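Take a look at the structure set out below.
By letter and in written order, the chains are A, B, C and D; residue numbering begins at 1 in each of them.
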């Protein structure tokens, strides 16, 4: 199973800045290994986020996003103690969800 | 594989034993430390890919003398330095066809290239000159190192307008020689001996000399 | 933040001569790029993994590493990193963090240390090794390096490390000192720390383990030294070999008083 | 503050929760292959229903002037305009220009930061696709240098 994400969610006023690090290879499918064989594409395709279980964001990513991806977004109308959950799904169907409490 | 491991263990045991012996009272002498270092080098490094561990232990007198001087923080005395320079001067292979100046465009590619001769390279890797790692050369390349002096306007500053003229001969020869074996001119120079060390071929050295001395080269603009 | 950078740039433009302008702004732009990466260092992912591994029961003995003695007593990890490498009486060896973790993985968990040492970086147990080293190092973040030099073996290793640092060899005659013995030098665009002295907080050894942006890998000090030797065109230094540890003692003692920022983010 | 380990344990529970919630609002969020197959900025925008792109000072793209390493280039897209449906981050000279597409909801700012791979120096784009299909962009040049020892 994929390693957990690191999610930091910090409140300022009525907004919460969420910074997410995801553990993923993000293979482009264009790289060749030492033996000259093409390494198959393997990357996060969909990212969604929820604030206290209510969906607030969805995104589509391609293999052009860097390895071990970073994402920053701002949730409106959120406060300390709220829950922010982030889910990713990759092109092999693997998925992972992690949650953080807003500080 | 297994045999190798047990051999390693024996060597390591010897090393630790000598350490224990050295570990008493006053501490080891300089000579003992030098010996211990060589034992540790032998036990620690192994062959990998195209790089053989023996190259490290069997390094030449120039490297041995300069390493020791560096570690002690004392530069070589004049006599030793001269001797080393003479030994290295004798290794310089001058151009077999008498041509010193190659294609500066090729030279620029070689100067940019820092590849080759590591334990992850293979014997098919074309070696680069690593020049930009340490030198500013073509002013347009902003990614250059500062370990060596700037070579921008190298030929221009030295008044080389026709590298094939008799007047240019000394500087042309010096440039070739310096690239082939830098230690012939400065015993403990930081600069690799590109020709002598087998890093660059004669043809590659010729192109790099062209990069530095051809009046049309961007280096001299 | 952004604002202050542009103000700085504007001020810089006025005082710089035309010829040095391009270079100056290039290095300022690189600094700006590096600053942008500071917030969100993927090393966090490895640190979290390492924290989990410390308490996880693993190996033939189904034990955690919680009783591992990193030099400050069994189970003490805070501040251990900035005092390593040091001499350990139980093994009779001077050991760095990764070498010591190897000892604990063998004695406590029953894992095969020789096998792990032979495993290439980034594979199998080496992945766990790097994560553990990242986490232990992170637990000393902000602390100053303070390697012990009381034991004769530690003093001897410093002297051996110094000789290794200045040892020229390979086809290029490179030594560590070729690049790291003077102030203010650069290789290509990379600033080179002078490792013969305290190079400053978070510089040189005080930045490793670090996340490598160029290849998306987390590197411990062992891998950092291994790749230095690779680029020096030296043969392969064994994982946790005495040469790498002696070099670690030399670099660590020279960095006395420098504050660790590990795990850092590096080109 | 919760520890990292607690985060890991909780994530199992959350995963189940989100799976059952099913995200009905984002039913349209299936991966748009055409967008990521598009070679040019304009074609990628078209794949999301956007029209001809027009430069706008109300859209902002952020990124370094020089990236020390093309493997990780921090890029951001934002807009002050209301009525934006999607924000796209693109690198013109990449084999596929589109890096990421964000659906903008009322619950988030139209302001996202991510990191992209860049094979070479290129213009980078932020494109805002509006409710009426208008596509507004900002661009800036990011130079990618050869770092390290060239080896």
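Rule of thumb we're sticking to: a contact is a pair of C-beta atoms (placed from the backbone, for glycine too) under 8 Å apart; a residue touches a chain by one contact, two chains touch by 3 or more.
Note that the structure is a prediction, hence the values are computed from the model and not measured.
Chain C has the Cα centre that lies closest to the mean of all protein Cα atoms in view.
In terms of C-beta pairs in contact, A-D outnumbers the other of A-D and C-D. The centroid of the Cα atoms in chain A and the matching centroid in chain D are 12 Å apart. Each chain gets one centre point, the mean of its Cα atoms, and the points for chain B and chain D are 46 Å apart. One finds 34 Å separating the Cα centroids of chain C and chain D.
Averaged C-alpha coordinates give centres for chain A and chain C that are 28 Å from one another. Taken residue by residue, chain D touches two or more other chains at 4, 7-8, 71-72, 74, 145-151, whereas all remaining positions touch fewer.
Counting only residues that touch two or more partner chains, chain A has 4, 6, 26, 66-67, 70, 72. Under the contact definition stated at the top, the residues of chain B that touch 2 or more other chains are 118, 130, 132-133, 142-143. For chain B in complex with chain C, the touching residues are 5, 8, 12, 15-16, 19-20, 22-24, 27-28, 33-34, 36-37, 40-41, 43-48, 51-53, 55-56, 59, 62-63, 66-68, 70-71, 117-120, 130, 132-134, 142-147, 183, 190, 192-193, 197-199. Touching chain D in their complex are the following residues of chain C: 25-26, 29-30, 32-34, 36-37, 48, 51-52, 55, 187-190, 213-216, 231, 267. Considering their complex, residues 39-42, 44-45, 48-49, 211, 216 of chain C touch chain A.
Residues 3-6, 19, 21-23, 25-26, 66-68, 70, 72 of chain A touch chain C in their complex.
Within the complex formed with chain A, the chain D residues making contact are 1-2, 4, 7-8, 10-11, 14-15, 17-18, 21, 23, 25-26, 29, 31-32, 35-36, 71-74, 76, 91, 94-96, 98-103, 105-109, 111-117.
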